[in-house]
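Each structure below appears as structure tokens.
Both of the next two complexes hold chain A, though its partner changes from chain B to chain C.
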Partner chain A sequence: GVLERSREQLLRQTCEAVLLGVLHPRTAVSLVLQVLSDAGSLLSCCLNAACMALLDAGLPLAALFCGVTCALQPDGAILLDPTARQEQEARAILTFAIASSDRRVLMATTKGSCSVEEMQQCLAAAQRAASTIFQFYRDSVRRRYSKC
Partner chain B sequence: LSICSRTVEPLEYYRRFLKENCRPDGRELGEFRTTTVNIGKCLCSITTADGSALVKLGNTTVICGVKAELAAPAVDSANKGYIVPNVELPSLCAERFRSGPPGEEAQAASQFIADVIENSQMIVKEDLCIANGKLAWVLYCDIICLDYDGNLLDASVFALLAALKNVQLPLVTISEETGLSEVNLKQKNPLIIRKHPVATSFAIFDDTLLIVDPTAEEEDLATGTVTIVTDEEGRLCSVHKPGGSPLTGAKLQDCITRAITRHKEVKKLIDKVIKSITPK
Partner chain C sequence: MAAERGTAAEALVGQVVLPGDLLLLPAHYDEDAEGERLRLSAGTAPQGRLLCGPGLRRSGAGLLVTKCGLLRHRPGGGGAYWVDSQQKRYVPVKGDHVIGIVTAKAGDVFRLDVGGSEPASLSYLAFEGATKRNRPNVQVGDLIYGQFVVANKDMEPEMVCIDSSGKSSGMGIIGQDGFLFKVSLGLIRKLLAPKCEIIQELSQLYPFELVLGMNGRIWVKAKTVQQTLIIVNILEACEYMTAEQRKQALAKLSGN
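Now for the complex of A and B:
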């Protein structure tokens, strides 16, 4: 449906921004994401999966990216990586794709409304959390290549 | 002096203008194209719609027609009506669109409009309920692009807002004896619009420059786009950045500031046009 089409557009344009396509002319890179289970923060999970798959494929990337979901709770508290229940109760959900090179925003999408200050606070929290996710990437790749 | 052709090297041609902080059509980087809006049956010429509006943003022309129909509410939300937006990009609006099932751009735009309606709460679905569990209004909002010259999302959101402000819903009562609905076409009430979201789109050039209200040519040359939707209280209803060049938080803040200024301009325009068509 239209929701999947919209998600595909977000993912495709994020990957296109980091993939060095000029090094592979006349080539199509096909990225297929299959949702096995959805327990909240689905879009950022898709972003992380997409980035790690591109890494695993050995494609030339300008930077890595990770997805972070922030939920703004009714009392104003920021919750990162919310569960499905927390997403339902939140008054706004912001998803960002953060680039590894300089923590700049590659992709942003929001659900619900929030004030400008709240958005900036969520963005700052997401940029800080991105470091944890990139460390996870590093550890996973190290584990993968130390076995074989 | 090297000769730089617009058709042969479009990006170089554009860079020359951007260096002087302007664009080939004479606009500044933060300047919008001339915006005009026609609302209602007389000016907009959709006589069968309950509300209609035609918006022109430069050459980009978008028409929105709203039709209200009756339906039974969903079982899990018995006190809510429905709002069904649909954005169409027919093949007549630009060469790139072929006839057939809706392409990705049209579907993504439809989802964006649905999100804006939901996020901004411009229409509360509970207001569309007539009888709990039995009858509710369904608003079919059809947004059709007649001429595509960039910045579809801004024009669509504006056309939707203008058309919804024009909608007059007839009074519907459910008679006690028969249990059937009676539509009173003589008594009409305007739709309750709680918030007025306005979209502002930017194109990112060369990873650093942000230009407002891109034309189709500028969109093709850009390395990314950002759309910010704000309401009258300065709250963010949507930050839509579908990939593209990365931006710092500060650049995003600049976009938001410009979007808030744009909101005031658009609100003034809509109020002026609505005032001019309301019979005194």
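Now for the complex of A and C:
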């Protein structure tokens, strides 16, 4: 459907921004994501899974990226990584893809309406949360290479 | 271990590095860029150029990591840094010895599948003792062990089965029977290291013939089909077993 297509486009833009395509001319990179269970924050989950898949495949990347979802509740509170129930009750859902170099924003998408200040606050919170996800990547890779 | 604006490369040797990490090189490598800088400690800085190996790219003053893995360093001859990473997909590199499967014969060249993004080409004259009258007997579906003479991202890879002096030195068509299977590239590098324990321990078990291709393909042949399959299973499992588990498995097999 249209929703899946738009998610595919967002993922593609994010991956193309970090992948070093110059090293593989005339080559197609095909990324397949299968949703086993959806408990909220699906897009940022797909982004994290895509980054780990690219890492595992050994494709050359300029930086890592991660996805963070923020839910803006009706009373103005920011909730990171919302569940499906919290997403439905929220006023706006914002998803950001953040790169590991300088925490710059690769992709931002919003569902619902929010003011510019609220978006900036969500962005700042997401950038802080991204550090936790990058640390998780590092620990996973470390565990994998500790067995060699 | 956050490397926000670059960490010294020597500090991270032997550690896990991730794409996006910036490695800073010691100051004396910037000699070529700034010719006026004086060398105060003559003779202690290494001579020669620094080699930037797989998984690293030059960026500004340092090296940008592009693959995840362990950072390695070789101090001899100017120094070399590279990233030791695990991967299953092969990218052709010049000089690598690989096992290819013949998929087509097109006039004077054979097309081989080497596991990369494009099929490699092999001329029929690139065998030892081959002339226009004396063609090698290669059929579609045969296995060939050869090396790359041309392998870069812009051109189709080309293979030959002779070395620079015209001798075959072990390359050519791989014989009948045997078993071909695929493993990850990291395991192949481990098996090709000098004095590899796995091969020595396996040779105590049964006599067998083994061909290792850098594209992740291994061809094994032992006396009986059962022995061949046992060796195949052990080699495939070696990737995930520690040394003790492997010794236990081999002891159980040689006891039977």
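Assume the second predicted complex is superposed on the first by the 147 of 148 C-alpha atoms of A that agree within 3 Å, B and C clash if a C-alpha of one lies under 4 Å from a C-alpha of the other, contacts with A are read in each partner's own complex, and residues count from 1 in each chain.
By definition in this document, contacts are C-beta pairs under 8 Å (C-beta built on N, C-alpha and C of every residue); 3 or more make two chains touch, one makes a residue touch a chain.
This is a predicted model, so every value here is computed, not measured.
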Room on chain A for both chain B and chain C (clash or fit): fit
First (chain B), second (chain C), both or neither touched by A:35: neither
Chain B versus chain C as contact partner of A:84, first or second or both or neither: neither
Contacts of A:109 with chain B and chain C, given as first, second, both or neither: first
Touching partner for A:124 - first (chain B), second (chain C), both, neither: first
Chain C versus chain B, contacts on chain A by residue: B
Touching partner for A:2 - first (chain B), second (chain C), both, neither: first
Which of chain B and chain C A:99 touches, first, second, both or neither: both
Touching partner for A:13 - first (chain B), second (chain C), both, neither: first
Lowest C-alpha to C-alpha distance for chain C against chain B (Å): 14
Touching both chain C and chain B, counted on chain A across the two superposed complexes: 63, 99, 101
Complex contact set, residues of chain A against chain B: 2-3, 5-6, 8-17, 63, 94, 97, 99, 101-102, 104-116, 119-120, 123-124, 127
Contacting residues of chain B [partner chain A, same complex]: 104, 107-108, 110-112, 114-115, 118-121, 223-224, 226, 231, 234-249, 252-253, 256
Residue ranges of chain A in contact with chain C within the complex: 18, 20, 23-27, 55, 57-64, 99-101, 131, 134, 137-138, 141-142, 144-145, 147-148
Residue ranges of chain C in contact with chain A within the complex: 1-2, 16, 18-20, 55, 57, 64, 66-70, 85-89, 91, 117, 153-154, 186, 190, 240, 242
